[in-house]
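One chain, subunit A, links the two complexes that follow: it is found with subunit B in the first and with subunit C in the second.
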Partner chain A sequence: MSNLFDLLVAGLATGAIYALVAVGFTLLWQTSQTINFAQGEFVMLPAFLMLAAMHAGAPFWLAIILGILLSMILLGLAFKILLVDPMMRHGVLPLAIATMALAIGIKEAVKQFFSAEASPFPSVVPTGDISILGHAVSLQSIGVLLVAILAVFGLTTLLNRTSLGHQMQAAAQNPTVARIIGVPVERMILLTFLINAFLVALASLLITPIYLAKFSSGEVLGQAAFIAAIVGGFNQVRGAIAGGLLIGVLDNLAAAYVSTQYRAAVPMIFLIVVILFRPQGLLGRAEERTV
Partner chain B sequence: MSGFAKPLKIALGLIVIAGLIVVPMNFNRYGLFILSQWAVMTIAAMGLNLTLGYAGQVSLAQGAFVGIGAYASAIMTTHGWPLPVAIVVAIVLAFAVGRVLGYPALRVQHHYLAFVTLAFSTLAFLVFRNESWLTGGIYGISNIPRPHFFGIATNKPLPFYYVCLGSLAIVSIAVWWLIRSPWGRAFMALRENPLRAQSLGIDTRRYTLMAFALGSALGGVAGALYAPLTQYIDPVPFNLSLSLDLLMMVIVGGAGFYFGPFLGAMIAVLLPEWLRFTEGYYLMLYAIAVMALLIWSPTGILGILDRYLAERRTRAASALRAVAKSWLETAQ
Partner chain C sequence: MKSTLLVGALLTAITTTGAFAQAIKLADVAELSGGGATVGTNWKNGIDLAIEEINAKGGVLGRKLEVTHADSQSNPGVARAQVQKALDAEPYVLLGPGYSGSVKVTAPLAAEAGIAQIMGGEAAELTQAGNKFLFRTSFGQQSSMPKVAKYIHDDMKAKSVAVVWVNNDFGRGGRDVVVKELERLGSKVVADLSTEAGQADFAADVGKIKAANPDAVFIYLNEEESARILKELKRQGVTAPLMGETTLIGQKVIELAGDAANGARGHVGLTTDAPVELIKGFRDRFSKKYNYVPDHNGLKGYLAVYMVKATTEKMGKVDSRAFADTLHGLTIKATEEPGILMDVTFDANGDIDRQSFLVEVVEGKQVVKQVLPKLK
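After this line comes the complex of A and B, so read on.
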């Protein structure tokens, strides 16, 4: 049973990171119908920005701040103004394709300007094990879980308890009416892009120490976040969180109990089943949009 | 395209076809390989254009069908079957699997459908990789023979390029005929307004399944040609990124335009090669070019032409109207 316990904790930790990425993904979908196929690359890039800052001589804490700021400028502001804004009116598909091209571009840029090899990345949480209920649990898993829970808690508080959050919800649910009652819809949409950029930078900071920084590491992560977002409910932040945790645990259990060869198949089959029998997601409501 | 005079269009078509036959005669081995790849990918993209561009069903699994076709043809031809038989088997297999994949489209649409097909694509890749008794696993299948036609061996690059080009011609004619048949009109009705299509007595269920099955079957044809083209296949080329690439070809060329896939495949296969002189930057430049094009014209390359022609027609029509009006006024 100790094996199962370890798997659950590790699964929850990766799941929490998936949840962060999936939440950002749903936010973009809610406010601007952007299906961001580059979301995985968005998680990969900030780690390299931080590494670049450290190579330039910045201490780790400064590199983190610089990395987060830079990714908010590049992946939030620039992404919205240069790519999403000109294409938003033209429907979902061309924009989705453009983000696929963006994913290729980011990957190649990192490969070209940084390195094609995997680079180690320092951990923000101390490594080592502590004992909980007689089990050795890695501090890293707990640290990742804590940071992710804090981020998600902060985000839901922002969305549900503050005036700003309510304005964002209004902008997502019904932009026309929101505009009439004086919500600055454009600014709210920009804000969701900035929040997404912050979340992916945070996820990058948490996951890169575990899996190393590599230009291609976004592919798997992006897919996991898609699946998490859809399984949980494409139109609900709550759903994306639940979906992320579920996929993380499922992935770890599948690796241990199904087969390493077909571990990737388990979340996929789960995804197909959910879409066919409950297309709005496990927690989502049909055809409704909220942040 | 209707803005050009008909003889001009026919002449242009003949020049392009003659160019495709004559010009590559003094290409080197690599140039011919790239051009053959263009022909093969165009076939696959035409299939996806049928499913997506005409019938409006999003699919992220076309790469998996290319894989199914490629493995069917590789396994059969290495066991001594002739290529045409393998192509037929690939078509039947891809058609059947594609039809099954069409069933989710009856329940869900748009991005949900995209993700179901994405999941299918990943599952297919896992099967290619893990079922090594059939597919050779990660080591793949090597020494795939190229066919003999009428006693002519196509081992050399040039004859096999003609095999690919000929297949492309046959597929092009078949698709041309299909989209002008009642079937093609039913597909477009399905895309534009499924509810109205149904109320006009179109069996939307059947046509949705058919849109998937036919599009996938063309993916199978492309795969069946891809295997003897590269003469070695492993699972890697048939992962999700091939499906995404094919989708990109269709959108960049212009979804729902007959010539869209030809141009889209040209951009996706040839543009990176032309950019190779920039060495490490070529894929980056390619990505930027695709984004810039889509920002400029979200309906793809043919969308630009279409807009230009529509504008010219409107101008011509208003000029005619002005002439007619002044003529009426002077007559009074």
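After this line comes the complex of A and C, so read on.
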């Protein structure tokens, strides 16, 4: 029982990070029909930007701020202007393939300019335990979970409770009508890219102390978050959150109770089952093809 | 046009018949990227340092050493292709790879070519296949694991042990020997956990260890995964003593795992913290050249080149065919060849006998707790 509790907490902490990344997937999809296959590498890169800032002499807190700002410029603004905008007019598939190429480019660049070896990364959350219901739970797990929940709460508040959020939703749901009623659609799309960049930088800050900073660490994350987004519902932020948490817990339980070797297969099998019986995802809404 | 051709022909003639032709050519295939990048980079740097030193002192039998490095990408398939390419260039000796899986698939190629291969792999089976051209730079698992099991049983007094291993040739080989030895000694294996190479999340594995509540945990993973599991063990508050091999308490692991590495113990065939003056000298020279403290793979690469030097000087000639025969049964004394750092004997299988160390990580540093003598 104690073991199950530990597994649930660890799974929720990892799942919360998957959720942050998966939310980014859904945001980009909803506003610009972009399936970003470089999303995992987007999580890997900010950690290296922060490490580079620290190597240049910046203290950790400043490195975090610089890392997040640089991520928003590179993975938000530059990604949209230099890759998404020129490719989008050619359709979803060429854009998706372009993001795959970008993933390889980011990985190789980090390998070349930083190192192929893993690097340690400091944790924003102190190590140690606290007791919850008689169980020792690591502060790191709790911290990761709290920061991720706060980020998601902030995002949903922004989307549902503010005028800006309503404009973003309008731009996502029906850009033509949104334009007619005066919503600056282009600016709203750019904003979602910046929010995605912020979320991946945050995920990077939380996951890298556990996974270590390595050029290849985005592969696992990108795949898990992609599955989470589809399982939850690619067109719903709350679906991505639920999907992320579910995949995190499922992955841990599968490793403990099924088999370590097949742990990676279990979320995939779950994905297939969801696609077969509920193609729009657990919390997604059914969409009709436009063509 | 004619004069350009003439100059070109002259240059070709000079480079093929001049100083370059005299150099002894070595080929290195190592894990320079991928999961084994820490292993391969240290190995390569050790080789380069040794060659620089030897060449600065006039080379081997008056001839300079030259090495080409190729990247196996930590992938046995790529390693095989790179070794084939390296062998096509007919090197004097082949160095590497470091991963046992890569050694396993490349050793038959080197044996077929009749070229000695000095490698970093530690899987027990590598030297048990009757290959007469394969040589280790460190202990094989059949030499180190019985020492590890004995320490867990006798010194740690562990009646129950959790064994965590990486599911590849290296991990499985070590796991098989240590489990057999632990059971023979009377320590019960209460959790037998295989993990994947490159695994990032160890929460579930550590959860299982916690549930098994062992007296000791034996960890046999590659460096990066070792660091991740150490962090997770600390995160989940596992207090059982941790025992491993070189890969658990290496410099890179300490750097990556930080505080979480403190208290971990390991049997180490080679360590730069060994209380041996020649090794301290190596460590200083390496650190000065590369700005970081090498791990045991740096030592292995360095020793591989000095094995080439000592064997060649023993033969008194550069003879690729006779090299392996000469190295079998050879004892190289550090007093005669300081580059070999510690006295070492090679047996008929290419396995080594050398003194070894029991190391504990104390406040981020390897501290040698015991020196285990040479067997013969």
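Everything that follows uses one rule, which is that the second predicted complex is superposed on the first by the 287 of 291 C-alpha atoms of A that agree within 3 Å, B and C clash if a C-alpha of one lies under 4 Å from a C-alpha of the other, contacts with A are read in each partner's own complex, and residues count from 1 in each chain.
FYI, a contact is a pair of C-beta atoms (placed from the backbone, for glycine too) under 8 Å apart; a residue touches a chain by one contact, two chains touch by 3 or more.
Treat the numbers as computed from the prediction; the structure is a model and nothing was measured.
Partners subunit B and subunit C, once the complexes are superposed on subunit A, both fit on it without clashing. Contacts of A:10 after superposition: subunit C is touched, whereas subunit B is not reached. Contacts of A:211 after superposition: subunit C is touched, whereas subunit B is not reached.
Judged by the touch definition given at the top, the superposed model places A:138 against subunit C, while subunit B stays out of reach. Touch criterion met: A:256 reaches subunit C, while subunit B stays clear of it. In the overlay built on the shared chain, the residue A:102 is in contact with subunit B alone; subunit C does not reach it. In the superposed model, the vertex angle subunit B-subunit A-subunit C (Cα centres) comes to 70 degrees (nearest 10). Closest C-alpha contact of subunit B with subunit C, superposed model: 6 Å. Under the contact criterion defined above, the residues of subunit A that touch both subunit B in one complex and subunit C in the other are 111, 261.
Residues 58, 104, 107-108, 110-112, 114-116, 118-120, 122-123, 126, 129-130, 240, 244, 247-248, 251-252, 255, 280-281, 283-284, 286-288, 290-291, 294-295, 298-299 of subunit B touch subunit A in their complex. Residues 35, 37, 83, 86-87, 90-98, 100-102, 104-105, 108-109, 111-112, 223, 226-227, 230, 234, 261-262, 264-265, 268-269, 271-272, 275-276, 279 of subunit A are the ones that touch subunit B when the two sit in their complex. By the touch criterion given at the top, residues 32-34, 37-38, 41, 167, 193-196, 198, 200-201, 203-205, 207-208, 210-211, 224, 227-228, 231-232, 234-237, 252, 255-259 of subunit C touch subunit A in their complex.
Residues of subunit A that touch subunit C in their complex: 2-3, 6-7, 10-11, 14, 111, 115-120, 127, 129, 136, 138, 140-141, 209-212, 214, 216-217, 220, 251-256, 260-261, 263.
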